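Following are the structures in question.
The following pair of complexes shares a single chain, chain A, combined with chain B in the former and chain C in the latter.
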Partner chain A sequence: MILITVMFYLMAAIALGSALYVAASKNLVRSVFMFFVTLFALAGLYVLCLADFVAITQVVVYVGGILVLILFAFMLSGRELLSGLQQQTNRLIAINKLPALMLAVLFFIVLVNIFLKANIDNASWISQSIAQKNVITVTDVTVNGIGVNLMTNYLLPFEAISILLLMALVGAAHLSRKEGEAA
Partner chain B sequence: MNSYVLNIVVAVGLFAFAAAFALFGVYAERKLSAFIQDRLGPTETGKFGSLQTLADILKMLQKELITPAAADKILFALAPMIIFISVYLGFAALPWAPEVVPSKINIGLYYVFAIVSIETLGILMAGWGSNNKYSILGAMRSAAQIISYEIPAGFAIIAVVMISQTLDLQQISLQQGVLSAEKVKFLGLWDVTHTGGLLSWNVFKAPHLIIAFVIYFIASLAESNRAPFDIPEAESELVAGFHTEYTGVRFALVFLAEYSMMFMVSMVAVVLFLGAWNTPLPNIGTVKLADWTTGIFWGILWTLIKSLALVGVQMWIRWTLPRLRVDQLMNLCWKVLTPLGFLCMIISGLWRLWVM
Partner chain C sequence: MITLTHYLVLSGALFCIGLYVILAKQNAVQILIGVELMLNAAILNLVAFGRFDKLNSSGQTFALFAIILAAAATAVALAIVLNVYRRYKTIDPGRINELKD
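Right after this comes the complex of A and B.
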C-alpha cells in the first residue's frame, strides 16, 4: 500500500511540475515535449485508479496522435515564426492578461468548491457500491465492460461522435484539395 | 520484497537481450546482405568476422559526443534515449513461454501498440533538436509514415482480436496450441484442438488472417523504418535522416532501438499470427509431438526461432527490394493496405458470428 501512495505522489508531482513548465516556458517546442511528460504522468495516475484502458487510450490518442500533429504544425511553420513568438515582450502584469487571469481564477474557485463539497471519504454512493460488492478489483478485466456498454447503453453518443469525426475527415480532405480539381 | 528484485532482474535481462540481439543482428545483417549481393561481408575480426560488431561497439562507446552548436541541447541529448526506451518498454508485455511473461496485463496487445507510437515522438525530437534540414525532413517523413502505417497494422490486429476475443497476449498464445481451452478449427472446418501444432496457429484459423498477417508484416516494416520503407533515412537524399548529427553512444542507442524494434514487431507478429510459443509440430496419432514439445524451455526456443526467422525475412526484403517513393508509400498504405485491412476486420466479425 505504501508503494502505491509513493507512486501517486510521485506521479502527481511530475504531472504538476511538467504542466507548470508547459505553461511557463517560452520555448514552444520544449513545451510540447514537456506536455508529453504531463500526459504520461496522467496515464500513470489512471493506472493507479485501475483505469488501465483509459490510461493506454490516453497514450495512444494524445501522445501518438495529438502531440505529433502539434509538432507537425510547428515543424511546417519554421523556426522564424517560433523565434518571433519567443521575443514577445512579456510583462507579469498587463491589461491583456485580464481575461486569462479571470478564467483561471474562476476555474480554480470551481475546483476548490468541488474539492470541499465532494467529501470523498464518506460519500454515500461509494459506500453503497462497496456494500453491494459493485467494485473493480486489480485483477478484473475492464475492457469487456467498456465494450458492452459502448454497444448498448452509450451507442447513440458513440455513433454521434463517429459521425462528427467522419465530417471532420471529409472537411479536411476537401480543404486540402487543389483548387483546379475541385468541381 | 522478492518480487521487486525479480522485476529488476527481468528488466535488466530484457535489456541485455536487446543489446545482445542488436550485436548479433548487425552481424547477421552484414553477412546476409553480403550473401545476397555476392560479397564476403566482414571477414577480418575474429573467425568469419564474428567479432566485427563487438569491435564496432567498442569503437562507438569511445567516440566523442558531438553536439551541433545550434542544436537544442536538451532535446538533442534526450531523443535517442526516448527512442530506445519506447521500444524497450514494449518488451514488458510480450510472452515468451507458458507462464513466462515479464508483465501479465490483460490489455497487453493494446499496451504494446500504444507504447510503440511514442517512438515517433522521439524521432521528431531528434529531428527538431538537431537543427538540421536533413534531420527535420527525415523526422517528418518518419512520423508521417509511422502514423499512416499504424492504421492498416491496427486493422490487422483488430482482425485477430475479434477472432481471439481478448487483448491479453498470453491468452492469445494459449488459444493457438494444444493447451487451448476452447475449440480450435483449422480454416474453420477441421477440429484440431487436440492435434495442435502448425494447424492451430491463428494464420490458419481463417483464410483472411493470412492476408491480415501480410498486411501486419508490411506495416511493421514501415513502422520500424526498414527498407523498402526507409525514406526517413534515405541515404541518397537525406544523408542519414533524423540521426544525421548523432555520434558515439547516442548513435549506438538509435541503432539499438532499430534492431530491438525489428525483433519486437516480429515477436508481436509471432504471438498474434504464428502460434506464439506453441510448437509447429502436430500430434500425429500416438506420436504426440505437440505434447512433447510444449513447455517453458520449448516455448522460449520456439518464440526465439520464429521471431528470428521473421527478422531474417525483414533483412532479406531490405536487401532485395528498392526503396519506395513517398507518394508510392502513401498510395500503398491508404489505397491498398487500409481497405484490405478493413475488409479483413469485417470478415473477422462475420467469421466469429457464423463460422466459429
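Right after this comes the complex of A and C.
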C-alpha cells in the first residue's frame, strides 16, 4: 500500500512538472518532447487505477500517433514556422499572460473547493459498488470485460465512433492536399 | 491510501495547466497541445471512477472512446493548421483576421 502511495505521488509530480514545463517553455520542440513525458506519466497513473488496457492504448495512440503527427507537422511545414514562432515570444511576456494565469489559478481554486466539498469518496453509488464487490481489484483481468462490453453494451457508441474516425481521416486527407490539385 | 479526491485534484491541476496553455500561447500547435492536456485530465477522471464499475467497465470503455476522439481531432486540426500556415504564413491565431475573399 505504501508503494502505491509513493508511486502515485511520483507519477503525479512527473506529470504536473512536465505539464508546467510545457506551459512555461518558449522552445516549441522542447515543449512537445516534454509533453511525451506527461503522457507517459499519465499512462503510469492509469496503471495505478488498474486500467492497464487504457494505459497501453494511451502509449500507443497518444505517444505513437498524436505526438508523431505533431512532430510531422513541424517537420513538413518547414523552418519558417519554427523561427517565426520564436520571435513572437520575447516582449511583454508577463503582462500578456497575466489574465490567462489569473483565470487558470482562480479556476483551479474553484475546482479544488468543489472537489473537497463534494466528498466524492463517500458518494452513494461508490459505497454501493464497494458493498456489491463491483470494484476492480489488483488480481482482476479487465481486458475481457472491456472486450465483451464493447461488443454488447456499447456497440452503438463503438460504431458511431468508428464512422466519426473514418470521416475525420478522410477530412484530414482532403484538407492536407495541395491547393493546385483541388480543381 | 490514494482516494478519488487525489485523482480529482490532480486532474483539476492538469486541466488548469491546459487552460493556461490555451489562453496564453500565440501558436496554434501549442494551443492544440493545451487541448490535449485538458482531454487527458478528463480521461484520468474517467479511468479513476471506472475502477468502481467492474461489471460494465463503463469508465475504461469511454476513456478509450475519448482517446480515439482526441486522435481524430488532432489529425483534422493539424491539417487545418497546415492549410492556415500555407495561406497566411503564420499560425498565430491573433493574426489570422481575414476571410478567404
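The criterion applied here is as follows: the second predicted complex is superposed on the first by the 147 of 183 C-alpha atoms of A that agree within 3 Å, B and C clash if a C-alpha of one lies under 4 Å from a C-alpha of the other, contacts with A are read in each partner's own complex, and residues count from 1 in each chain.
Note that contacts are C-beta pairs under 8 Å (C-beta built on N, C-alpha and C of every residue); 3 or more make two chains touch, one makes a residue touch a chain.
These numbers come from a predicted model, not from an experiment.
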item: Clash or fit, chain B versus chain C on superposed chain A; value: fit
item: Chain B versus chain C as contact partner of A:Ile161, first or second or both or neither; value: second
item: Residue contacts on chain A - larger count, chain B or chain C; value: C
item: Contacts of A:Asn149 with chain B and chain C, given as first, second, both or neither; value: second
item: Partner chain(s) touched by A:Pro99 [first = chain B, second = chain C, both, neither]; value: second
item: Contacts of A:Phe36 with chain B and chain C, given as first, second, both or neither; value: first
item: Contacts of A:Phe115 with chain B and chain C, given as first, second, both or neither; value: second
item: Which superposed partner A:Phe53 touches (first chain B, second chain C, both, neither); value: both
item: Partner chain in contact with A:Val68 - chain B first, chain C second, else both or neither; value: first
item: Shortest span in Å between Cα atoms of chain B and of chain C, once chain A is used as the common reference; value: 14
item: Where chain A meets both chain C and chain B, residue numbers; value: 53, 57, 65, 72, 74
item: Touching residues on chain B, where the partner in the complex is chain A; value: 72, 74-75, 105-107, 110-111, 113-115, 117-118, 120-121, 124-125, 127-128, 136, 139-140, 143, 147, 150, 167-168
item: Contact footprint of chain B on chain A as seen in their complex; value: 27, 29-30, 33, 36, 52-53, 56-57, 59-60, 63-65, 67-68, 71-72, 74-75, 141, 143
item: Touch list for chain A against partner chain C, complex; value: 1, 4-5, 8, 12, 15-16, 19-20, 22-23, 28, 31-32, 35, 38-39, 42, 45-46, 48-51, 53-54, 57-58, 61-62, 65-66, 69-70, 72-74, 76-77, 80-81, 84-85, 88-89, 96-97, 99-101, 103-105, 107-108, 111-112, 115-116, 120-121, 125-126, 129-130, 134-136, 140, 142, 145-146, 149-150, 153-154, 157-158, 161, 164-165, 168-169, 171-173, 175-176, 179
item: Of chain C, residues touching chain A in the complex; value: 1-10, 12-21, 23-24, 26-27, 29-30, 32-33, 36-37, 40, 43-44, 47-48, 50-65, 67-76, 78-83, 85-86, 89-92
